[in-house]
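Here come two complexes built around chain A, the first alongside chain B, the second alongside chain C.
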Partner chain A sequence: MGRKILLDKINVPGIKTYEVYRREGGYSSVEKALKSLSPDEVVEEVKTSGLRGRGGAGFPVGMKWSFIDKKSGNPRHLVCNADESEPGTFKDRYLMEYIPHLLIEGMIVSSYALGANLSYIYIRGEYMWVYKTLERAIAEAKAAGWLGKNILGTGYDLEVHVQIGGGAYICGEETALIESLEGKRGNPRLKPPFPAVKGLWQNPTVVNNVESISAVPWIINNSGADYAAIGKERSTGTKLISASGNIKKPGVYEIELGLSVYEFMNSDEYCGGMETDRPLKALVPGGSSVPILPAHLIYKTANGDDRLMTYESLSDGGFATGSMLGSGGFIVYDDRACIVRNTWNFSRFYHHESCGQCTPCREGTGWLEKVLWRIENGEGREEDIELLWSIQSKIEGNTICPLGDAASWPVAAAIRHFRDEFEYHIRFPEKVKNRNHFVTEPFEKVKHLVVKQEI
Partner chain B sequence: MEHNQHKHYTQEINITPQLMERINELISHYPEGKQKSALLPVLHEVQDAHDNWLSIELQNKVAEILSIKPIEVYEVVTFYTMFNQRPIGKYMFEFCQTSPCCQRGVEDLMDYTCEKLGVKVGQPTPDMMFEVRGVECLGACGYAPMMQLGDFFQEHLTKEKIDQLIDDCKAGKITLHDK
Partner chain C sequence: MKVTIDGQEIEVAPGTTILQAARMIGGESVPPAMCYYSKLEKTGGKCRCCLVEVTKGSDADPRPMPKLVASCVTGCMDGMEVASKSSERVTEARKAVTEFLLINHPLDCPVCDQAGECDLQNLSFEHGKAQSRFIEDKRTFEPENIGDKIQLHMNRCILCQRCVQVAEQLTDYRVHGVLNRGDHAQISTYVAAAIDNDFSGNMIDVCPVGALTDKTFRFKSRVWFNKPFNAHRNCENPECCGKATLWMFGNEIQRVTARKDIYHEVEDFICNTCRFDKKEVTDWVIEGPRKFEKDSVINQNNYTRPMEKVIMNTEKGILEGREQDRKKISMAQIPFNNQKKQ
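The block that comes next holds the complex of A and B.
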């Protein structure tokens, strides 16, 4: 059994309520931090823990906190990013829905560390009932004296509010989130200045993911060193993985970083193996934006080492043979999946979600979608694969925010690893007219048709 | 872009005292002078109270309440997918159609639902009771196929569950909003 830090209490009956949460030791980290630690000591503890941002980028949380501008004297804010929308990712909702007070406890300690007196949780619009759950939990916490003026008689004041979004993936990007929190369209800002200097209402702001903030109470109750002792190398602690696709047991799992991908996929404690015992075809290990891995690169790296669930091991080999841990959105595909259709599906997503500010992304994502759609529907042209490659390479790195990169990478990886499947679609259009073409006849069975023709 | 978006639809505006109280509570979450920040939450509340859509007149009313320019409201309403600019079916079945849900057969399920209701995607039934939409990832990939209905998610869907949901909607057993 792997160690549980975030989910150890999630099955306690009634843990959603303040009474039960408190009885189980909840809010003790607030007592400890506010009464016996200075804000800087809390920051140091989190730095020592090695905790890395759990939203996808993996940037060290303590370091991000240390960048916040304290010199200007402007009010500071902590903003929790609960705009979970990366396809394949559904872990934050699990925490907020079933153990909402854990996030609020983390918000209080983290706000204290930053010297913030007004903090927000920005949650995606579609999680409307979770928004209500959090509002009720905040009211309970406030009634019990954990929020408001002069908390625990320490002189520290804090208000936390939840803000609801309106349905836009881009608002998961921190500067777009801030714009949205200001009541505007979710257009990412040019950086610098970074939010740590000019964020919400031009005040110094830190934006952290739900899972990152929820790990803070454990770190304070135990210690940064204890947290750092879990995991492997620079991937410390535990991580929530949202597993979906063709596996026996889809769901949210907490793992100790360093677990092997093989064990995560096949152990009964986690995914439990393939849904219908069909062959594993591909894996997207960290949400739709990260490169897809073909079967032979999932359990082993290109060097033949075991592939582990860590930031380092999943990216081993770079984009040529590796991928990324990302948000932990673990999507599994069996042999019935069509990689072309799946790539088109992702491109449609990015096209739909592009905010439209930068031309390469606004136009390019639409072109990717269009070209992929015609290949998938048996109307592809010989030159389309090169065209896709060219478009994605011109979006990547040429946009204000990482959505452009996120739209490019899945296309590049699909072509890199599954080029023969694209060729098959172009050369045998009649065989792909039915959208479930590989359900009835998996690609493995028809692959032999795609051989280089003798001239 | 739906062509009928340019048609002018009208609706009766009714900002009840309870609704106004909730709006004021939302505004109080932000510092003095930053009431524009409440725009998204306020639009959700106002939309919920007006058959789940926002006419231009209603958007102007929101601008007035928040002391901002109407254009600032239009900008937001047109950007975010959850704000509807035309009358929509009362029970809107919003199927997640992103990759993990597709791996679990959502496309066939959407076809089944449309056929059963006799509609196409994005087209309400003539009595305005139902509408089917395909939306992007709702963050419930492990419980696929799934859809959003009102404020709630319906997960692990099957044809039988769709049949049951349609019957429950017709019988008025489905709660749309968590108030």
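The block that comes next holds the complex of A and C.
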């Protein structure tokens, strides 16, 4: 049984309400931090914990906090990034919906550590009912004196507001989120200056994921060293994984980092194995923007080690044979899935969500989608595979924000690992025009058709 | 501070961007810029044409930057070394950006008013390919009327957002902006036909492509058939400099624009009265012909090279047709409906 930090109390009846949450020991970290620790000590504690940003990039949270510009004397802000829109990731929603006070508690402690008196939770517009849950939780916390002026008589003031987004994936990028929060069009800003120097209203700002902030109360209640003891090497603590796809038990699971992928997929405590007896074909371990892994690279890395659920192990082998932990959107495919269709679907998403500010992403994502659509619908040409490879390599690294990279990585990985499937689509257009072409006739059965003939 | 661009050193003031430093050096290593406009604040960083490779960060931190950076928004550091034209990666990236800009750009240069003074033409001449790898339908927009002086042709737009900054910085209030997102992002007004501010005409000058053109000049002439003259007038508008370039055809002023430098940026902005309403020679004090870069197509028709009278040698009596043809046309010897007999 893995250790639970975030979802420990999730099954307590009524944990949504303040009374139950408080009775279960909630808000004790606020008491501890505000009464006995200085802001810098809180930052130090989070630094020792080795907590890494749970939004996808995995940047150490403590480090990010220490970059915030405290010298300028401008008011500082903490912004919680609850604009969770990555296809395949739904952990933040689960956390905010069922245990909203944990996020509020984390917000208070984190804002205290940063010296922020005005903090925001930016939530995506589609999570309207979660927004209402959060608003209620904030009102309850305020009534109980955890928010507002002079919290616990320590002289520390904090206001937390929830802001609803307009429904754009790009607003999950921190600078676009800040723009959107300011009431502008959600376009990513050019960096530098970084938000830690000039963020919300040109004030120093830290943007953190819901899960990162929610982990802070436990770290304060216990200690950074305790948190660092969980997990493996530089991947400390626990992580929420949103498991979906062809598995027995899809859902949100909290795992200790360092668990093996095999165990996570097959143990009854977590995913419970494949949905049917169809074999495993591919895995997207961290949400739609990370590279897809083919079956032979899922349980073992390229050099034969066990693949573990850690930042390091999943990215072992770089992009050639590895992937990324990302935001933990764990999507499992069995052999009914068509990788070309899946890649097209992801591309369609990035095409739709590109903000249109910089050229390579604006034009390139649309192009990728159109080419993939043609291949999937039996109109592909032999040179289209090279074309896709060329387009994605020209988008990657040339854009303002990481959305361009996120759009090109899945395409690159799909071509790298499933090139024969693309060839099959191009050479046998009549077969793939049936939408469920791999359901009755999995690719393994027709693979010999695209094998290079040796005479 | 000392910066080296493509092996050429230059001393610059702190706060200078790489692009500005490159322009001080001039020549081949100046990166092309489609969205950056030195006369407008907050432009740049969007088109990614000006990407350069920083091979040495600075004297203090000599590590190279891992990604290509947009030179128009990246500040110089002391001892920085930059590879622009000399870097393989940079040329590749510029080619890529050019291709991306062109895939959805219509091939209507023959009917586009901007042709001849178009930055995208120059860019694709330098970095573009002769063939296109894009076989899909190009993205199109519904035509839209944004005002009685300015023609918006959204299909040609490359979304540099310079015109948005013109509206933001030169006019009292901005009535147009970017709607939608991704490749369907478009320049539009919230209320149709609303752009009528006194400095809105500068949107035409800053537009690097033919997306915003002058309705008073529409389809009147190719730019290289006009003779450009520098001229000035005492403009009643205190914010207008009154210095302009007149594009003449004979004695007729077909178009008035602001004066543009070698980077096609205006020297000073002019008001709409000067631009659209003063089309009489008597309105202006003409200073003399305006000079353009040596290889600009606009020089096709100016006085810097000898102009010979064009003589077309045609056959005598060409309207009547040749003798042998006239015989055929009458067809006296050929029986009617002879094809059926064969």
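To be clear about the criterion, the second predicted complex is superposed on the first by the 452 of 455 C-alpha atoms of A that agree within 3 Å, B and C clash if a C-alpha of one lies under 4 Å from a C-alpha of the other, contacts with A are read in each partner's own complex, and residues count from 1 in each chain.
Heads up, the rule we're going with is that contacts are C-beta pairs under 8 Å (C-beta built on N, C-alpha and C of every residue); 3 or more make two chains touch, one makes a residue touch a chain.
None of these values were measured; they are calculated from a predicted model.
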Report task. Report for A:Y127: first if it touches chain B alone, second if chain C alone, otherwise both or neither. Result -> first
Requested in this report: Scan A:R185 for contacts with chain B and chain C and give back first, second, both or neither.
Outcome: both
Query raised in the report: More residues of chain A are touched by which partner: chain B or chain C?
Result: B
Query - First (chain B), second (chain C), both or neither touched by A:G56 - result: neither
**Report entry** First (chain B), second (chain C), both or neither touched by A:I400
**Finding:** second
Query - Touching partner for A:G258 - first (chain B), second (chain C), both, neither - result: neither
Query raised in the report: Once the shared chain is lined up, is A:Q357 touching chain B (first), chain C (second), both, or neither of them?
Result: second
Query raised in the report: Just chain B (first), just chain C (second), both, or neither: which does A:A168 touch?
Result: both
Query - First, second, both or neither for A:S85, with chain B first and chain C second - result: first
Report summary line: Residue overlap on chain A between the chain B interface and the chain C interface 168, 185, 352-353, 355
Report task. Could you pull out which chain B residues touch chain A in their complex? Result -> 29, 31, 34, 36-41, 43-44, 66, 68, 72, 75-76, 79-83, 97-100, 102-104, 107-108, 135-144, 148, 151-152, 178
Query raised in the report: Taking the complex as given, what residues does chain C use to touch chain A?
Result: 44-49, 51, 67-68, 70, 73, 92-93, 96-97, 99-101, 103-104, 133-134, 136, 139, 158-159, 161, 177-178, 180-185
Report task. Give every residue of chain A touching chain C within the complex, in rising order. Result -> 168, 170, 185, 190, 351-360, 362-367, 370-371, 374, 387, 390, 394, 397-400
Report summary line: The chain A residues in contact with chain B across the complex are 84-90, 93, 118, 124-129, 132, 161, 163-169, 180-186, 201, 242-246, 250-252, 284, 288, 329, 331, 333, 337, 341-342, 345-346, 348-349, 352-353, 355, 435-436
